[in-house]
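In what follows, subunit A forms one complex with subunit B and a second complex with subunit C.
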Partner chain A sequence: MTSTSSKSARRLPGVTRRTFTGSAIAAAAVAGVAPFNIVRGQAAALKVGVILPKSGPQAFFGQSCQRGIDIAPALLAEMGYNVKLDVTSVDFETNVDLARSRAEKLVNDGAHVLIGPFDSGAAGAIAQVAEQKGVPFMINIAAAPQITEQGYKYVFRNFPTAPMLIGNGLSLMKEFFKATGATPKTAVFMHVNDTFGQASARGVEALFPRLDMPFKILETISYDPAARDLSVEVAKAKASGAEMVMLVSRLNDSILLVREMVKQRFEPMGIISPGSPGMYEEQFFTTLGKFSEYCVTNVPWYNPKSEIAQKVAGAFRKQFPNDRLIGHIFNVGFSFESMMIVADAYQRAKSTNGQALAEALRATKIDKRVMIGGAIQFNEKGQATTIASAALQNRNLEPKVVLPAEAQELKPVFPVPGWNNRG
Partner chain B sequence: MPIELYLNVALGGVLTGLVYGLMALGLSVIFGVVRVVNFAHGEMMTLAMYAAVMLFVYFKLDPLLLMLPIMAALFLFGYAMQTAVINPFITRPEHSQFILLVAIAIIMINSLLMFFGPNARNVLVDYAYDSYQIGPILLDKVRVIAALAALAVAAALFAFFRYAPTGKAIRACADNNRGALVVGLNVKRLYALTFGLGSACVGAAGCMMVLLVDVTPMLGPTYTLLAFVIVIVGGLGSMGGALLGGLLVGVSEALAGLVLTPSAKSMVTFALLILVLLLRPQGLLGRKA
Partner chain C sequence: MSGPRRAAPGGRARVLLGLLLALLMLLPFVVNPYLLSVLTLILYLAYVGQAWNVMMGFAGQLSLGHSLYVGLGAYVSAALFVHYGVPPALGFLAAILVALVFGAAIGFLAFRFGVSGVYFALLTIAFAEFTRIGFDHFDWVGGSGGFFLKVAQRDYNDLVNLRGSPEMFYYLLLAMTAGCFLLCHRLMQSRIGFYWLAIREDQEAAQAVGIDVFRYKMLAVMLSAALASLAGVFTAFFNNNLFPFQIFGIEKSIEIILGPIIGGLGTLFGPILGAFVLTVLAEGLRGTMEALGVVLPGVKQVFYGICLLFVIMFLPHGIWPSLRRRLGLDSDGGR
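Presenting the complex of A and B:
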């Protein structure tokens, strides 16, 4: 079979099929390379590739993080960062394999730095791409410790590792019991079985005896974060006879769990997370209403007294007037900080070169931040070490800081009222 | 573990299994008569779930009250789809039909994503958190109602195929297609009616399922796969088999979560599938080819 192009090539005098094909390839190469030359010539904007789970089971988190990214360019300019950020956001559909291919595509399309992805599994996959391509990767939220234990040179994480998170969370739990004067003797530990959940479970296993916790774990129940029905898990937890539920969850599963607990009339002294998303998110409140009350989560949280946090809050309310800040602030805060760290590094590096940016990121020291904790700095592994946790208790359909005492908005309540004795 | 726990979990599995069975019944009916595998089955259920959610949000209508109108809408949808899109493919190779229905499923998922976004949506009826206590047994009210409704719809479908003249004609088509043509039955119309009935079944299942699980556009493929497993376990084309398969999958999922680990629920479902394929390839109530 003869193609149309080769027919026309044959008709041209003095043009052989070989020269025609060669010219076509050369033309295509020139056409392909030219846009990159134009971009390099401008050299003003830092191309930021943002990878988030904007659909699939973690869609809420991805979309929530995206809000933090969206408010950043204008707010950073207002704060005095003299850099131009060209942001491209992609959705990895809560699928680790897609996260890897999306990261590769972003880098191939010219991204100078990657930000994301609110998921440990995806963070691990993107980190490999970043390291291979020599493009810095700024993790906004992801806790699996191994990500910053591989000796990577281009991976930076402004979020605690699971052991740090769990360690802070368990310590806060002891303070919480002390403050309320009630301590459960037993607990059932329920956790999602994804990368984050398993890293957290290992953290609990390692730290629990070391921290001399005042209660005993009677049973550990792991489950699929994309589960449609958690009735068996809750029946099992209830049958264990535990006085408290210790939960490492995502969002949809935490809603399913509480719903099942109400249906099965399982009324423990309380539900406490040592550090995981779910129970302080907007959708948790809107879906469960009064049953969302009194759940406790020990997580890094924003500092309402910080000047930057107030600016972020203002920008968020202006850009998203229909959303409640409190339901997004955790995701927005860390995502905005990631953009701020990258902008700060670019301003100092004065280059889009991956190595120069990575060196600038490694030398980061930002004193004023959104979240509670010390100055933003990274250790030799690219891991931030100064992020603190707060104990949040859901009260009047909002997460309120109940510990530490210096940031306390309300006094903690424990044991919590029964399902039918709420609001 | 106390025996009440096993009983509670097994009964929960039975109730969920009945809804699964109704969902798979639609797939089985369509395959049994039209000989087309509906790869958009779960997506059609998702469509029904979204219809129930939207009507609940805007008009505060209970999904159980919406069951008949949604079944009617899905019937029309299925009838139109069979007449306009699938009938021309009936005589084509199976892989063409396969690709056509997968394409329809993908279009449905992405249309739902465009209209409703990726967030999970649910229906919170007044009795969403209620349960019945009978001695040590605690039954979720929503599950009980959904299972009873599934039984009622399945019984109506059985009665239609057994006693109604059109039902008998459809069965004749399934048993002997050429014979049906010879005696002058309008086979293409009967195919469309069957696809409509299968779609109505899945519409009813969607109205019940939305009371049990939150709906997202990506839910469809999971339930398509589940319906396939149930229909293969029960026997392709067998209506009773679909219900039995649903019950078996519901109970085995529940008990596996209790006895083994909750993470192993799906694994046990697929182990059941492999076991049936090895020991009785035609399914539990299926006829040998």
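Presenting the complex of A and C:
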């Protein structure tokens, strides 16, 4: 069937108008039937269906997560998990409708457990399929809190919800100030006005009073993430007289913002993000050089002191020698942990039955993990509650963990040196 | 041509359509859940493709922001259900009303002030985009964090509240697609359909012979918007979660228009055939590559591009007009 299909495809450039329709329908029939006959897997193996956005707007993240999945089977075997994992990965093209269909396909092909999908909308769609079919679904990355509020029995999430992310990020700021012995009294809150930035801003607004933060926000300045000039925004921030900049950014705007701060000689005690991309990314370092130093971001991160994290890092470097770990570790770490949790549950359940696996997942307790936080455990809703954030400070052109203490690579520095005294 | 000869292809078309409908009604009994989900996807794309075809295929008004109406339908019906307990069986009326208002606003702005062609297309994109941004900040429906409908496992199908099995959603979509097909068929044979045709082919000539161009273009936009909003109602209750960037995004609009373009713009059956060909070929291609162990993310998008290229080069009117000729249905009855 496959060869017929490819032969048809090769003939296509030569088709006439008269024959095109016939060929197209024949190809549709042939190609359409082909995938439904796929049979794979062996009796003893746990069939793991992985659903990720490997094309479309989230392609980079999906492919990054896939690296964590790819290194898992060999590494888990090396770590002593005596289970055979038969992994099938599919791409949902960053399209929620397809995510549901892909989940149906994986279950239909015999998947015992689903992992994915780096997207809350897709997670919501897949969760319904998992629940209907009684197939456990392990969410690697997706932050919408509602997913684990639906009363599902087969859905588990090893990732913090959006409020947990912001709450952890703000709480860590207090610890950061305590550790350095310097606390700013005032701050200016600058954030991008896109979907992510607005959601974060709302989170900050809601949690700030509740967490009894030690500083006051003098001004909130939002800006377009695609802006080419942030001189007005930076001037406004400088004029506010705030001692610190709290920033929710994307990559390009964070670069623009720091450049403008250097240009305008705006030297606050520091720039700290309660949890956003940008300042710990590769491009930030390569573009800004010494001016990228000492910026702080609070995000879930891998624990460089953890034995398993070191093994993951080693396996990653071995399998993907051209990729820099720092650019992928967030996605790789959570995706690998998902595989580890599933393998652990299978080892205990000794069965591929959905209900037995779900019960084993609910009883999960894994002390040694990749990411920073307590032992991996799920509450009655299937939500992991012990994932912590790390304070990453840029040092020597790399993000280094400065808090919490158990994962610390370097001591935190605050207030930070002036622009000309860095590097 | 004589009367009987004209009637024959129409009768054949009806028989073929009847057979197709019967086949589609029987399929859920024999296919597995995955194939059912693919069939649902095909019907969804066929339905929204038909809705878009009313505006572009029949009346010649290019919309590249049709996700706007799908999104509005989805959010309105979902919000009424979640906040006020209004079942979608009633909520769809409000969804249609809101889509009509937006369609009317866009149509009025464009047609009253002479915005046409690519500028009209840009206007439709602009409306979809600013609505997306608006919904990003509309906390009542979850803003950018998404709007979730409570999911409950039920032992029965509740059509009023659209809670039930995938089979129920499949049959609902089949009914919608068949209904839309019949509506379009009636419209194409009516005076309105001929006015649209005249406007599409030469607006100035249509105006010269006394057709109220503004009125009939408005009608096309509003009808298309109303139909598309029903697809939104379906999406909301099928997926049970809505995110502005996903439902109002330009990718969604492009997805809507591909089927009719490949199948045959301005034809009745083109959007349905286009949705079928694109989905089955894409799924087939992916499955074949999987079976061969080839991992190439994004290959489907490349494949769609190649399909479009071939259709533009060899079948500029789409697949259906050519297939129709080959099936001997080349008359009004086989449109």
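Keep in mind that, in the parts below, the second predicted complex is superposed on the first by the 236 of 423 C-alpha atoms of A that agree within 3 Å, B and C clash if a C-alpha of one lies under 4 Å from a C-alpha of the other, contacts with A are read in each partner's own complex, and residues count from 1 in each chain.
Heads up, the rule we're going with is that a contact is a pair of C-beta atoms (placed from the backbone, for glycine too) under 8 Å apart; a residue touches a chain by one contact, two chains touch by 3 or more.
Just so we're clear, the structure is a prediction, and the values are computed from it rather than from any experiment.
In the superposition on chain A, contact is made by A:228 with subunit B only, not with subunit C. Residue contacts after overlaying the shared chain place A:199 against subunit C, while subunit B stays out of touching range. When the two complexes are overlaid on their common chain A, residue A:60 makes contact with subunit B while staying clear of subunit C.
Of the two partner chains, neither subunit B nor subunit C is touched by A:219. When the shared chain is aligned, no partner comes close enough to touch A:409: not subunit B, not subunit C. Contacts of A:236 after superposition: subunit B is touched, whereas subunit C is not reached. Judged by the touch definition given at the top, the superposed model places A:264 against subunit B, while subunit C stays out of reach.
When the two structures are aligned on the shared chain, A:175 is found in touch with neither subunit B nor subunit C. The larger set of touched subunit A residues comes from C, when the choice is between subunit B and subunit C. Of the two partner chains placed by the overlay, only subunit B lies in contact with A:283; subunit C stays clear of it.
Overlap of the subunit B and subunit C interfaces on subunit A: residues 54-57, 59, 63. Interface residues of subunit B, counted against subunit A in their complex, comprise 1-2, 5, 8-9, 12, 16, 113, 117-120, 122, 124, 128-131, 138, 140, 212-214, 216-219, 222, 253-254, 257-258, 261-263, 265-266.
The touching residues of subunit A, counted against subunit B in their complex, run 54-57, 59-60, 63, 193, 221-224, 227-233, 235-236, 239, 252, 255-256, 259, 262-265, 283, 287, 291, 419.
Across the complex, subunit C is touched by residues 2, 5-6, 12, 15-18, 20-22, 24-25, 27-28, 30-36, 38, 54-57, 59, 62-63, 88-91, 93-98, 100-101, 104-105, 107-109, 120-121, 124-125, 127-128, 131-133, 144, 146-147, 149-152, 162, 194-196, 198-199, 202 of subunit A. Residues 32-38, 41, 44, 136-137, 139, 143-146, 148, 150-153, 166, 235, 239-246, 251, 255, 276-277, 280-281, 283-288, 290-292, 295, 297-298, 300-301, 310, 314-315, 319, 322-323, 326 of subunit C touch subunit A in their complex.
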